[in-house]
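Before anything else, here's the structure in question.
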Amino acid sequence: MASIKYPLILINFKAYSQSSGKKAVELAKVAEKVSKDTGITIAVAPQLTDLALVASQVEIPVFSQHVDAVDPGSRTGHVTLEAVRDAGAIGTMLNHSERRVRADEVDVVVKKAEKLGLVTVVCANTPEVTAAMAALGPDMVAIEPPELIGTGIPVSKAKPEVVLNSVKLVKKVNPSVKVLCGAGITTGDDVAAAIKLGTVGVLLASGVVKAKDWEKAIRDLVAPLLK
Amino acid sequence: MASIKYPLILINFKAYSQSSGKKAVELAKVAEKVSKDTGITIAVAPQLTDLALVASQVEIPVFSQHVDAVDPGSRTGHVTLEAVRDAGAIGTMLNHSERRVRADEVDVVVKKAEKLGLVTVVCANTPEVTAAMAALGPDMVAIEPPELIGTGIPVSKAKPEVVLNSVKLVKKVNPSVKVLCGAGITTGDDVAAAIKLGTVGVLLASGVVKAKDWEKAIRDLVAPLLK
Amino acid sequence: MASIKYPLILINFKAYSQSSGKKAVELAKVAEKVSKDTGITIAVAPQLTDLALVASQVEIPVFSQHVDAVDPGSRTGHVTLEAVRDAGAIGTMLNHSERRVRADEVDVVVKKAEKLGLVTVVCANTPEVTAAMAALGPDMVAIEPPELIGTGIPVSKAKPEVVLNSVKLVKKVNPSVKVLCGAGITTGDDVAAAIKLGTVGVLLASGVVKAKDWEKAIRDLVAPLLK
Amino acid sequence: MASIKYPLILINFKAYSQSSGKKAVELAKVAEKVSKDTGITIAVAPQLTDLALVASQVEIPVFSQHVDAVDPGSRTGHVTLEAVRDAGAIGTMLNHSERRVRADEVDVVVKKAEKLGLVTVVCANTPEVTAAMAALGPDMVAIEPPELIGTGIPVSKAKPEVVLNSVKLVKKVNPSVKVLCGAGITTGDDVAAAIKLGTVGVLLASGVVKAKDWEKAIRDLVAPLLK
């Protein structure tokens, strides 16, 4: 079964043009290089269309950005967990604020991912929804207040109570579920603050993808984890 | 700008396990081989997750099975037309019966695909919906009665009036739009029947993907087009 | 079978608090009064929850704001055409920019409404989508550029080419379908301009619902139709 | 603030033709009569289109079958909590297996309903999803295994472990949330079994709606609650 060594830095490539197609492979290789140099787990979530290509080129964990709660077969334009596995990915994100799904779909995906040995990261927009997602038993939940996504204002500093409250509720509902936080994460300081709040790492996107120097941006993120 | 030489055989890999991951590349290479041998255009539509990988391995036209009507940027788990292009695909299918979208979304995608030089194949389930989709000006529409999909009972023989009526309505609404037909297509005879009804080719899936001998199945499909 | 006498003023109550619950009945009665006084057809589309109540209180045509493409039976939280009929409404709007549906759903609803003797008004956001909806054969299509909705800037004056182009395309695709226009309609002048562009009337909401004096606002709208 | 006296029998009219339009009022009056005679709380959830009409005719609690997570304003074809309140209903069902919504939507509706003094009943299909919904803090959750809905095979007898497990998980996650159960409930025995499993009542539909004698069916349901 796939497993992740924490802490974790998960870089979501979103649908940014800066990380699309061949540039997805380039960015993933930079992340791989920093991960190998530092020993810190850095995972990437490229666009759906780039998933198998990226996973064939790097050895760090690759996540799908989304998966549909359906089985293989006569289905067009869907992403199955089996396709994610066949593409060489380690698991999938789900329910990101930009691609929300229903709780019963998360339930189906989480139960099936466990059987297939895939890792699940279920996103949520409030502490209450984070607790609800934790009740479904994924490997990780990721609390991301949507109003901070892409702003560069880190949730771990601007709204620490949202992260703390999420960690507290998850501990009560399902203590085996790990918590990531995201939204506005850009620097190593933001990562350090996230860890202090009880998370096992961060989910971020523009802070790396839009950086002029990808390697420098990623090295800055992992720096506080090396001390 | 991308262009397609007709007649066209478009093989939809759907979410079948037989054509997932590395097997998607294998099947695409078989299609490429038959296309090179015969000069007939054979295109493939692998799973979303396999798109860039397959497109990097073959020279025949590769289509996405679906695209979202959104632009690149801060979007997670979506498929943009730009991602389809960056993946090396020639265009996209849209509105398949297994992944239907709204007419205004088809409108956005068709207008944008034209600007990007990508080819659009918009599916429809009835002659009236086929006419509606043709009014939006894609390169092709594909009429597929959902009740015949995956049955092996070819629409071109079992319901020729559905295909004929679609061709007639499209000619009236927007004569520059070409018509494919699909659902139950398995043999060269089915393809020949489709062409006689006024289509420029066929869209099929299980007839090839589930065949024991992919090459034999594809060669049988193109045979009547060589005479 | 239900039929509508043209020209038509269709007032969409939307989810405005000003026209919710008992106020929906009040507004409908004002519309009924002006209609009886002037002989002009004025129809109302109250909130879904108010449909049967409003229809039981007035004799002018009442439309549903939306309907689902499903049959009666074991379905929760849906609106069937049969429910619309049983509520006493004459028909339904569909595919409003604020509640868009897929083309195949419009196809199902239009075909079924014809059997049930209900009137259909299918909205569209561009001339091309208007043509697509006309291909499906509803009683009316309504072109409403979403960027003008609720602005008070009337489509019939600000973007006459959008209305003209829609009328032209509909005439080509399906000349039996009548055209309404909407978005920004507030005054009798806007209505007069709409009629001159080839429409049979208007669809409006805030111009009446948010008016301080409902009767004055509606009388102003119908005035140019009396000359 | 609205409050409910338990135990509760909640009758969902669904989109059944037997309980549509005027027949919705008739059925609600029968439920009201039995409730007055016995002192047991019997609530009804008519079709959306019948909501205000039914609520204006009876004094028992009336629920909406669904609500959208949106505010009043320029929105067409949606059901707001304010519309539910203005219609005279006491609250709303949400997330029924036949009309599922996302967890973040449940979160918005539950928080807003509390402010408006409306009662929420959130449905769920598995014990895990029931726990997730309880984490969002509604007044009630209703566990309904979808495979038993409409079968006449009562969940409280056929799958008691599903109900028990749901009750146990809800007690852990959020003990202030009450639990209903549904699916296949038809008789007083089924209700008695449900209460013994730790629920405060039942949610049912066809067992009453399709009964030849509505009053007899409802009297049978409440009988064990009178002892």
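The chains carry the letters A, B, C and D, assigned in the order they are written, with residues numbered from 1 in each.
Throughout what follows, contacts are C-beta pairs under 8 Å (C-beta built on N, C-alpha and C of every residue); 3 or more make two chains touch, one makes a residue touch a chain.
The model shown is predicted, which means the values in this text are computed figures rather than measured ones.
Asks: Which contact partners do chain A and chain D have in common?
Replies: Touching chain A and chain D alike: no chains returned.
Asks: If you take the mean of the Cα atoms for each chain, which one ends up farthest from chain D?
Replies: Most distant chain from chain D: B.
Asks: Counting only Cα atoms for the centres, state how far chain C is from chain D in Å.
Replies: 33
Asks: If you average the CA atoms of chain A and of chain C, how many Å lie between those two points?
Replies: 45
Asks: Which integer distance in Å separates the CA centroid of chain B from that of chain C?
Replies: Those two chain centres are 37 Å apart.
Asks: When you check chain B against every other chain, which residues touch at least two of them?
Replies: 97
Asks: Name the touching chain pairs, would you?
Replies: Per the contact definition above, the touching pairs are A-B, A-D, B-C, C-D.
Asks: Show which residues of chain B lie in contact with chain C when the two form their complex.
Replies: Contact set of chain B toward chain C: 95, 97, 100-104, 106-107, 124-126, 128-129, 131-137, 169, 172-173.
Asks: Which residues of chain D touch chain C once you look at their complex with the stated criterion?
Replies: Going through chain D, the ones touching chain C are 12, 14-17, 20-24, 47-53, 56, 64-66, 70-80, 82-84, 86-89, 93, 96-99, 149-150, 205-206.
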